[in-house]
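Following this message is one structure expressed as structure tokens.
Chain IDs A, B, C, D and E follow the sequence of writing; residue 1 opens each chain.
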Amino acid sequence: MNFFYGSHQALFDINLKIPERAVTALIGPSGCGKSTYLRALNRMNDIIEGTRHTGDVLLDSQDIYAPRIDVVALRKRVGMVFQKSTPFPKSIFENVAYGMRIAGIRNRSFVQETVERCLQQAALWNEVKDRLKDSAMALSGGQQQRLCIARALATNPEVLLMDEPASALDPASTARIEDLIIELKQNYTIVIVTHNMQQAARISEWTAFFCQGRLVEVGLTKQLFFKPREKETEDYITGRFG
Amino acid sequence: MNFFYGSHQALFDINLKIPERAVTALIGPSGCGKSTYLRALNRMNDIIEGTRHTGDVLLDSQDIYAPRIDVVALRKRVGMVFQKSTPFPKSIFENVAYGMRIAGIRNRSFVQETVERCLQQAALWNEVKDRLKDSAMALSGGQQQRLCIARALATNPEVLLMDEPASALDPASTARIEDLIIELKQNYTIVIVTHNMQQAARISEWTAFFCQGRLVEVGLTKQLFFKPREKETEDYITGRFG
Amino acid sequence: MIEESFDSELARRHRYGMIFEWVCWLATWGSVVILGVLIATMAWQAMGWLTPKFLVSMPRRNPADAGILPGIVGTFWLILLTAVLSVPLGVGAAIYLEEYSKPTLLTKFIQLNIANLAGVPSIVYGILGFTAFVRMFGLAKSEYLINLGIGSLQLTLPFGRTVISGALTLALLSLPVVIIASQEALRSVPPSLRHASLALGATKWQTIWHQVLPSALPGMMTGVILAMSRAIGETAPLVAIGAATYITFTPGRLNSVSEAFTRPDKLAQVPFDSFTTIPMQIYGWINEAKPEFQHVAAAAILVLLVILLISNGLAIFIRQHFQKKVRW
Amino acid sequence: MSVVEQKSASTGSVIDRTNLEASGLAYRFTWQRLRESLIQMLLFLCALLSVLTTLAIIFVLVSEAIFGIPPEKAFFQEISLSQFFLETRWAPQYSPPVFGIWPLICGTFLITIIAAIIGLPTGLLAAVYLAEYASPRVRSIAKPILELLAGVPTVVYGYFGLRIVTPYLIRPVLKPAEFFGVDWLWSIPVDGFNALSGGIVVGLMIIPTVCSLSEDVLRAVPRTLREAGYALGSTKFDVCVRVVIPSALSGIIAAFLLAISRAVGETMAVTIAAGQKPTLTLNPLSQIETMTAYVVNVMSGDTPVGTIEYKSLYAVALVLFLTTLTMNLISQLVLARYREVYQ
Amino acid sequence: GKSVDKTIAVDGSSTVFPISMAVAEEFEGKFPDVKLTVAMSGTGGGFKKFIAEEIDVTGASRPITEKEAAECKAKGIDYVEFQVAIDGLTVVINPANTFAECMTVAELNKIWAADSKISKWSEVREGWPDEPIQLFGADTASGTFDYFTEVINGKAKSSRSDYTANSNDNILVQGVVDSKGALGYFGYAYYAENASKLKAVKISDGKNAVCVEPTPATIESGEYTPLSRPLFIYTTKAKLKRPEVAEFIKFLLSEKGDQLVEEVKYIKVPKSVKETMQQRLADALK
């Protein structure tokens, strides 16, 4: 697919197959279009004025850009976590319950249970279980990010997109998030953008390397890191540019 | 000297002698305090609320932070050029004449001559001599930057401080500015902040390396680049960090 | 040359600078002092006239007995109705413009139009209100007596010089101000909040309703309160629609607060009854020739100023507490 | 169960249409969806209301002033344009009445000029103080107080002008002989209602408008420009007067225009303080009538619908509307361009 | 259930306004369930609203004109007229004015005539100072305007135009109080209420060259000519069917009503007229 911001083309002929129940890492220098690509996967780019694409994105062999697709339903199936944690200015509980609230679920015990399960999955439950009614804004950065993951899990998505979820965090929080991702890949298909090559190596099975809006190389992480096929990839990984 | 932004200390015990009629380059990773130091030299930091310093800055063995120093007169003696070119939204002529206007010079032919001389010194005269009355905003980035240098020269300063004067420019403009600096050092004492090590090597006699608010090393440029005394300097110059 | 000139001029320039700063200082604090003088002279003029009895009495031809009860009650109903009409419409328009509209020519036009409406003189709104609501262009003419079971509601078309005409007029007048303030409040909500909500599969409206509006609420409230306090002081449009200056009853003939609950028919009559407001009464008294009425007017002005000080203070309080706007 | 995959457009793609329904992504009719579009419609109507308001204003003014709805005749169908713009008397009570707009325009002009002389420089200087000199603390105190000045109702300013400014400010200065009861001082005749007192209070009234708008534009001047000024050896005064104000000039002009437009449209204060007598004069000490005051005067007198005097209201209001509209439009456009420069 | 409280809408002449206002206040004290709105649109403005049936009672400082009567007839409005007081239309000047204490009708005409260009006192009478003259008077909706122009200028509604015109006499009072060279005219009550700040001009009509000051006595006796005039209240037969309106008119014509008329500084009607009025009311109520 190709992607345009107005007249500026940000993605060129990307053709990438994302494997199920595995972590795929997207790496590449700044501004190469990783975020743009990620956001194309749940059509978040639609929000931005003047964007345009050609080509298809298939989810279960269904083109998500097809005319009759319901974007809202799509986004429910394809969750997303952002670089900067974006807790809603509400209580911790309400943050996680938000997805259910908007889906119109009124069953209180179900909501309660799901919130608990998701917070547990996001490895946050123990830290917040006594203060679910507190504002989410009072949490630390790492906790907020995990809360955002829990919130995304609560809508029961199939795919989880993460755009540098740990780049704003301290090493301890980063480690927790990484553990979490490894945990989650049992059940979810995860696509993660990262600047941190070590991180990509640690958590992902597959890695795709982007450069200047093009997909340069994609392969098993181990392979890509140790035996990159392309010169560009090698340069980037060994830190010779970027 | 030490320098503080509120409670945040940005400079620690800097002790640097700047040689006359020569170019001194300040290098160092981003946020290390180069700009802060440079701005301390003409007390531009005074403008920012809540800043504080200890120690002295001597200009011709006169402490510029002494109580009875007139900041305005000081700044007239110590000119400054910024990273982003800052032409006033006036005509080209008026931009250069500004320093004389505020000094209250009414002699029109003198103003005329000085403007021409400074524009010539700044290697801009030929390009703009036919449109001195046009707005300075209409010039290209490189021309604007040279205009700013001409404007600074017109106040007849002794010292010229430059904070990454070429970082926003294309290579051709950068080369012109570099030539200009080499030209100017015959008559002015120049301190220049740069991120570009090649540039520092090309134009400066002396180089000072800052890191995290400290002056790590200072020496003749050739010496510092080829035989740095400190490990940190070497790391930085060879691009191993920063 | 430049050195000599610079050095010789420096002292003079510093002096100019001092004078300039002093003049600027004077302009600012002088204006503040004028506000003080204004309030002080009103207080001085009102001294001895602003009594508790003044607040609960009807206007009388004898200045000593005059009061502003109908004005206070009329202002209350008028502003309540104005807010009920203009706030939802204004906030709705702001939401449309900020959240839904694409920058088409139409939205640009609407935007420009709103900015212009905010600058249309209030007397022009008065003429519009008079023609459209009081007279209804002279087209309609009918009277209805609607039986409410507990009493009857008298409704005339056109609305005439009633609370509803005033409220509709003031609603149109404050609409642009409400829209502009609400837009600003919406703009200060970070886009990341919207993106996060949308990414969870929320619809646009759900995002607005659950996330954007609550976050924008303090800012909107500030704007709305300021718009309404401006409306409280409006006089010209009410003169234009012909609100009374002298009236000895309150809208709906409600004689006490409890009657608002026990007599729903009277309550329903409120929008369709004649009214006056504090500024209208002030205008009436200013025009009185008897010098004592000047003191009565000053007393009413003081009441009005206190109401406005409170509402403006409230708006400023909300703004400073909830809106930590960062400017570069 | 999910697979996400991409195919570039060039390779062609296999789209399984039948799969659409099964995928659960199909765009289906739901109540929620209906609600969404209904809400959007509703909100759009809210936004459209502002356009309707403008159209209604124009319709109302035009239908009584220019083209009457038959059988009614509009003002300009009975009074010629040449009378309106060439006569120098505004005399509705004359028989036959004479409607020459100039005395009203003159009154409005006089008020506006006086208000501008007082309000514009004061407002701008206050803005400079707040933007350049005041500490954030002082600003956070002074700004709300100035905003309060804008919140004072105009009847109050009218009272202030009539009962305080004229007797205790203008009289002592211009008629000290009478005021202090000594006859060797000068005594310039001052009417009880006079344009000067009206202009002064309107001037006070526009200070906050000028100040807050100008402060915004002054603060939008990039810090780098100020620093460049200082680096050349400017004093703060030089930076304010030679760098900041010229850079913000177009924004300041827009603020001035907006304030002047407010002065033109100001009603109660001038009705109360400046009088209600249409006079073709530039003497600020005499009684005048502005366009707005005429409208109030006639409307509070309950002029019967359908008379020529009643229709004259609309003609005057139309002139008033067009004047302020022009100024507002120019000001909006200037401001929009100003924002483009610095953002 | 109960019906809405009763309202009587009173409007019209600003000259009659002080009477309506005082009566309304006292009446409300006596009948608390009746509420009155009292406004002043001027006699002409009042009649317009009266004919449009927007109001119940209108005050008038001149009798209804033929044109207005015809309009009433056309709309089937059966109006009833009651004279409620006598007024002496008073010409006033600023107290600082010590020369123009007596003026003739001719001089007034010279000032107020439609084509008058007089702008200085010296142009009115030889010997008066060369000072500007500021004029204040009733506007076109006012009965006072009609009456004054008819008596002084010989033709109703014929007047110069460059003066401060307002239907609210209070504004005229303020104008005269504040301007040294002012000359204005309005109802006697407005002068009497502010007598300390105004000076009434003595009027000498053309016939017997005596200056007559407006006082209750001279007005009542008719000595103060030609500016003495009757004040009226109009309502309709249909409105009188409403008990509160009937009650109100009754109250106006009672002893108490006369007291109030005198309290607001007008002159009560002679006994004979009063009886006619009461008879008229009785007839209308039948």
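Note that a residue touches a chain if its C-beta (ideal position, glycine included) is under 8 Å from a C-beta of that chain, and two chains touch if they have at least 3 such contacts.
According to UniProt, the chain labels map to these proteins: A, B = Phosphate ABC transporter ATP-binding protein; C = Phosphate transport system permease protein PstA; D = Phosphate transport system permease protein.
The structure displayed is predicted, hence computed values, not measured ones.
For the pair chain B and chain D, chains touching both partners: C.
Each chain gets a centre from the mean of its Cα atoms; the one farthest from the centre of chain A is E.
Centroids built from CA atoms put chain D at 16 Å from chain C. The centroid of the Cα atoms in chain B and the matching centroid in chain E are 84 Å apart. Work out the mean CA point of chain A and of chain B, and you get 44 Å between them. In chain E, the residues that reach two or more other chains under the touch definition are 39, 168, 171, 174, 177. Residues of chain B found to touch two or more other chains are 72-73, 76, 99, 102-103, 155.
Looking at chain C, residues 6, 13-14, 203 sit in touch with two or more other chains.
Contacts from chain C toward chain E in the complex involve residues 60-61, 148-152, 154, 160, 244-249, 253, 265-266, 269, 274, 287-290.
Against chain E, the residues of chain D that register as touching in their complex are 89-95, 98, 166, 189, 191-193, 275-279, 287, 297, 300-305, 309.
The residues of chain C lying in touch with chain A in their complex are 102-103, 192-203, 206, 210-211, 214-215. Those residues of chain E whose C-beta lies close enough to touch chain D in the complex are 11, 39, 41-42, 44-45, 48-49, 114, 132, 134, 139-141, 145, 157-168, 171, 174-175, 177-181.
Residue ranges of chain C in contact with chain D, taken from their complex: 6, 13-14, 16-17, 20-21, 23-32, 34-35, 38, 41-42, 45, 88-90, 92-93, 95-97, 100-101, 107, 109-110, 112-117, 119-128, 130-132, 135, 138, 172, 175-176, 179, 203-205, 226, 229-230, 232-236, 239-240, 242, 279, 282-283, 286, 294, 297-298, 301, 304-305, 308-309, 312, 316, 320, 327-328.
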